[in-house]
Every structure is written in structure tokens, then in C-alpha cells.
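This is the structure, below, for whatever I ask next.
Read from first to last, the chains carry the letters A, B and C; within each, the first residue is number 1.
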Amino acid sequence: MAEPLTLAENVPDAETATARKGGFEVRLANFTGPFDLLLGLIAKHKLDVTELALATVTDEFIKYIRRLQEIGEGWALDEASEFLVIAATLLDLKAARLLPAGEVEDEEDVALLEARDLLFARLLQYKAFKQLAAHLGETLENEARRFPRQVALEPHFAALLPELIWRHSPEQFAGIAAKALEPKDTTPPEVGVDHLHGAPVSIKEQAEILGFRLQHGRPLSFRALVADAESTLVVVVRFLVLLEMFRDRVVAFEQPAPLSELTVRWTGRPEGWSSENLSEEYETGTAPEPEPEEEQ
Amino acid sequence: MSDYEDAVAGLAALGERPGGARAALEAVLMVIDQPATTEELAAGLGLGTAVVDELLAELQQDYNGYTVKAPGTDAGGSPADAGASRAPRGFELRNVAGGWRIYSRPEFSDVVGKFVLDGQTARLTQAALETMAVIAYRQPVSRARVSAIRGVNVDSVVRTLVQRGLVEEAGTDPESGALLYRSTSYFLERMGIASLEELPPISPHLPGLEGIEEFFDAERM
Amino acid sequence: MSDYEDAVAGLAALGERPGGARAALEAVLMVIDQPATTEELAAGLGLGTAVVDELLAELQQDYNGYTVKAPGTDAGGSPADAGASRAPRGFELRNVAGGWRIYSRPEFSDVVGKFVLDGQTARLTQAALETMAVIAYRQPVSRARVSAIRGVNVDSVVRTLVQRGLVEEAGTDPESGALLYRSTSYFLERMGIASLEELPPISPHLPGLEGIEEFFDAERM
């Protein structure tokens, strides 16, 4: 079985990425997507899946993505869409990171820890497929050394084939050709977002909505804050926003008992906080124009 | 020869020809240009599938250098060479994609490669291999699901795999309406395996992920 | 291997492989589509023509049921089976018009013919027709290119078209080395036109076709 973590050697150092543009494409060719890179980074730091190391990996990944961005010309459309996927993954990561380590009495905490486990499960799953891909590659290569006998029919058998019936006029034949040569996929190349499972939701936008409501009103229950959410995704994003705000110490949570109503209270000074200084990793990383996740 | 009497007549006639039924099977194997199932071969020869299976196994051993019962004799091998091991032939008979086919022996790939321009296929990229692996193990599967597992958009890679004939469309998901994909029999051919069951099991590669599948399904990834 | 040292090295290496030079020759003969001359075979194997001629004669006899010197040994046959006569194989090695090729044995031509003709139709399938159209309008063109345009693997369909005499090989692409195909004069005959120029033009109703081709080329994996 191939050890996929040798990939770590191939992980580009974010520092040198800007220094030498020449090697840029070569390094890009060394990984086949964010999960690949993430796996490599994790291997490089020899995790132990600890909060601290997770943060290192997350930061390094974001740093790497930013460097790529600064280089500029490397941002092809598919890479941009890859980034959208990894941004969603990092949201999961970040959500898990925001939790105080070790305190798992609370059921929601447990749920969040499971979310983190889920992310690692996804990475492990990807790692499994990577190993299987290596197996496929080896097998295909070995098999390519065998050549099947697929010779033309011996002339005396070919002569036995029924006389071909050909009833197409040149015009009809041209029609078939025109249809066959027609581009199959008429949709113009664009960033695929269907794998994002639902309409993109902007963290920043949701943060503005929540910030406005909390700063200009009394404490609100989480239920009330998501009452107008048009989809589950919006609920999830608003929850993440609240976690962010909690980290920035501008909100406080009150929950009298597990699973009871969660009340959110504004504790920060209005001028000291804006949606601009929030979760910049998520928002600034999506430089390609137009920013797809900003579109509603 | 669907008719019983025809079949019997065919069988009798084959036995009288030089090399018998075994040589007849060999003759047919010489002209097929894609794997032929035991059933197809049996129907073409007017023989039962059990007989053909036995003959195929004999030929396979014979080509690999193990002397089996002498061709043309119905009972037992000739004492002279029964059981004697010889050098293998330059070709082999294999069961791939559910069918039988003659291949040149891999030891001579360099030599044969000089003569066979055609059929040489470019190697798959890492991205294509990973996508192929996910489709092979999760089929039928949508592109969105493959994307979720690989963490990247796989649209163009899947298109390439379809063009290469390794992957094909397999209807739509009844719930989401998404196009589903599966591996083709050409994929099995290229892998040199008879069926998907011969792929190595995925479980040893997934440490402690029991129940994770339900998670992913629930998440509709 | 045009170089003498290479040839010698090749010879030595072949001898070390299972079945030796004879099996190597067999491997080549089993999969080549077009008959090959002794010279071509000798050059490909890195052997002298005299050696190849001798090996060819041995194989020919072997397939016909005469035991010759045991494969894999350089000198003399094993005493056990030298000279013993066995049943012939279902195939034979023939020299037709100066080229060597393995054919099914004529004694089984009825069985083989039935097998080959089973399921053959007088009409081209839609897939074959579309592939023919792409080749006719884009010739000379590789199968990979046709696959890219049609979005499916066209290998077996192209083989059918070649078999039907509608399409033929037209050299190799200087860049990729891929085999190129073109339509035949038989195709013109069946279309009832004197030359390809008489094919109705189709480009007017195909906006942006050039773009799509670049797209596929850029994607080549």
C-alpha cells in the first residue's frame, strides 16, 4: 500500500511560493485539491489531532491560499471553486476550534466535537480513496503491459459479413455530422457551485444582519434570530457568526438548561465591532471576480 | 445452435476434427476482438457451458506452461507429457470484464509495444485516478457526491473519464435528479479483473469510520 | 533497436524471460493486427532474421501439432516429447504475401464464421454512423479526438468501421504518435460521391466549433 503522506514533502512552502514564481505550476501539480493539500499539511505537522495543531494547519492553509492569490495569475476558475469547498471545510474546522477544549458536558459541545470528527472522517475517507487511487494506478499500469488480441477479421470472414445497407444521402449524412460535431455541453465554463449544496450564504452579510439586530435591541433568543432564515444553511451560518462574535467577545450566551432556549446578548461596544473585522479568512480568500458566495 | 439436435451434431462434428472441441474453442478465441463470455462461446460452439469452462481452464493452464490432458484425447493425458511443466507461451488466456480473451504476456510488453501502436493509452492523472476510485467504489454516484469526497470540483475530470470509456452515465438520482455515473466494463478490462467484486475492499483503508456513511448520506453529499 | 549492441542486449534479455525468444515472438504474433515480415519481427525483437525464421518455422510446426525442440531450452528437445506428434492447435501461423500472422484454423471456419456473424447486422448503428460522420468531416483524426468530440469511447466502433471498409488508418499524428483515421474510397462509393469535396459543408451551422476543440485539447490528460 502506498503511503500517501509522502505528499508532505511536496507541499509547497507558502513563503517560497511568492519568492519564486517559476516553480508555482510545478507545485500546484503536486496536489489534486484542498483535501490533498490539507492531508499533506496535517502529515507535515505530524498531528495528533489536537486543537492547537489544527489551528496551525488551518492558518497555514489559509496562508498558502493567500499567497497563491497574491501571485495572481494562478487563480483559474476551478481553483476558485476548489477554494469555495475548502472554505466550507474550514468553517467546520473553525467552528470546532472555537470550542473550549475538554469541556464536553454540554450536548451542543458534543455535537460540535462530532462535527470536527466528521471533518477528520472526511479527510480520512479522502485518504482512503487516495490509497485506492494509487492501487488503481498501479493496476492500470501493470495491465497496460498486456496487449489484448484484437486483430482485424480474417478476410474470408469479413467477406461473409452482410452487405452494408446504406441509405443516407450526402445531405442526411451531413446532418448527422452537424449533430455529432455540435458541442455537447453548451453551458459556458463557470465556477461550479452545485457541489456546495444549496445557495451560497455570505457570512459577512449574515453577520451584518445579526449585528444590527443585537446592537439595536434587547437580548434575543437564537430561535428569534433565525426565525426569518430561508434555509437551514442560513441557520448554520448565523450560528457560526454567533460563534465568531463570541470569540470576539461582543456577545454572551445564556442557556439555563441543556437544550433550553439560547439567549444572545450584545456585550460589545457598538463602535468597537463591525462585520468587517470578522472572519477575514473566509471573506478575503475569495478574490476571483465576481465573488460567487456574495451572490444571493 | 439453439436446437438440441443441432447442438449434439455440432459437438459430434467438433470431436472428429483435428484438435477437437478444444482446438475449436481456440479458433474462436483467435477472432474475437472483445471479451467473450463462457455462454457466448458455448452457444457458438454448440457445447455446454460446463464443458467450455473446463476447456478454458485447460487452455489457460496450457498457455501458462502446465501440461494438462493431451489435446484431442478425451480421457487422461498421454503418459509422455502429462503433468510435465513446460515454458509458458508468449500469450495468456484471461477472464476479464466477465469474458475471456487472449493477451500477450506482460513480460514482453516492451517488445510487443513496438508493434502495437494502437490501444496504447495515456496514463491517468492523479485527479483522474482519485475520481475513478470514488466512482468505482461508490457507484452509481453523482458528480456532486464525488466532489464532496474529493473536496474539489470534478466535472471536467468526469467528462474525461467518460470520453476515455472508463465511466458512463447511469440514470438520474430519483431524489435530486442529479446524473449518476458508474464504471464501465472497459474499466474492468483495463484493470484486468472479471468483476467489481475483485476490487480490493475499501474497509481496511477507512480506519474507524463505521457509520460514517450514514452521516454523509444524511448530509446529502 | 537498430544498434548492434542494443540488439545483443535485447537478445540476452529475451533469453532470460519465461519462454525466451520464442515466447517473445509468439507474444508479438498474437497481437499484431497486420501481417509482419521476418525483417520487421527481427528488428522489433532485436534478433537476426535467420534466428527469427527458424523460430517462425518452429512455431508453425508446433501449432500444427508437431513437437519441435522444447521451448525455453536452447539446445535440443527434452527426450520425453521430442518428435512426438500432438493434436494441432485451433490456430495456425501463416505467411501471406510475405507477412506472418496467426489465423484461426480453416477446419473450424464454419464454427468461427457462425460465431462472427452472430448478431451482425447489415446496418450501421447510430453510434457507428455518428463516428463515421465525425471521421469523414474531421479526417485525418485520432480516435482520442473522435472520443472527445462524441463524449464517449469510440475504440470498438472505429474497429467496426475499419472492418466494414469505411474507414482506414492514415499514419500517425506527428505530435502525439496516435493513429489517425480517414474515410475510404468505399465510403465515397456508398455515399455516391466522387470525392470528399462533394460532402455538403456543415460549418455554417456550427458556431464556435473551433473554440470547443481548443477546450478539449487543453484538457488533454
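The definition used in the following text is that contacts are C-beta pairs under 8 Å (C-beta built on N, C-alpha and C of every residue); 3 or more make two chains touch, one makes a residue touch a chain.
Note that the coordinates shown come from a computational prediction; the quantities given were computed from them, not determined experimentally.
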Chain centroid nearest the full-protein CA centroid: B
Pair joined by the larger number of C-beta contacts - A-B, A-C: A-B
Chain whose average C-alpha position is farthest from chain C's own: A
Between chain C and chain B, distance of the C-alpha-averaged centres to the nearest whole Å: 20
Intercentroid distance (Cα basis), chain B paired with chain A, Å: 36
Distance between the centres, which are taken as Cα means, of chain C and chain A, whole angstrom: 46
Numbers and ranges of chain A residues touching at least 2 other chains: 147-151, 153-154, 157
Sequence positions of chain C contacting 2 or more other chains: 30-33, 102-104, 112, 116, 151, 159
Contact footprint of chain A on chain C as seen in their complex: 30-34, 101-104, 109, 112-113, 116-117, 120-124, 129-131, 133-134, 136-138, 149-151, 159, 162-164, 166, 190-193, 198-202, 205-206, 208-209, 212, 215
Complex contacts: residues of chain A adjacent to chain C: 147-154, 156-158, 160-166, 168-171, 173-174, 176-184, 189
Parts of chain A lying in touch with chain B, wherever the complex brings them together: 1, 32-36, 38, 78, 81-82, 85-86, 89, 118, 121-122, 124-137, 139-151, 153-154, 157, 185, 191-192, 194-195, 197
List of chain C residues in touch with chain B within their complex: 14, 17-20, 22-33, 36, 40, 44-45, 65, 70-73, 78, 80-81, 84, 86-91, 102-105, 107-108, 111-112, 114-116, 118, 147-148, 151-153, 155-156, 159, 172, 177, 179, 219-221
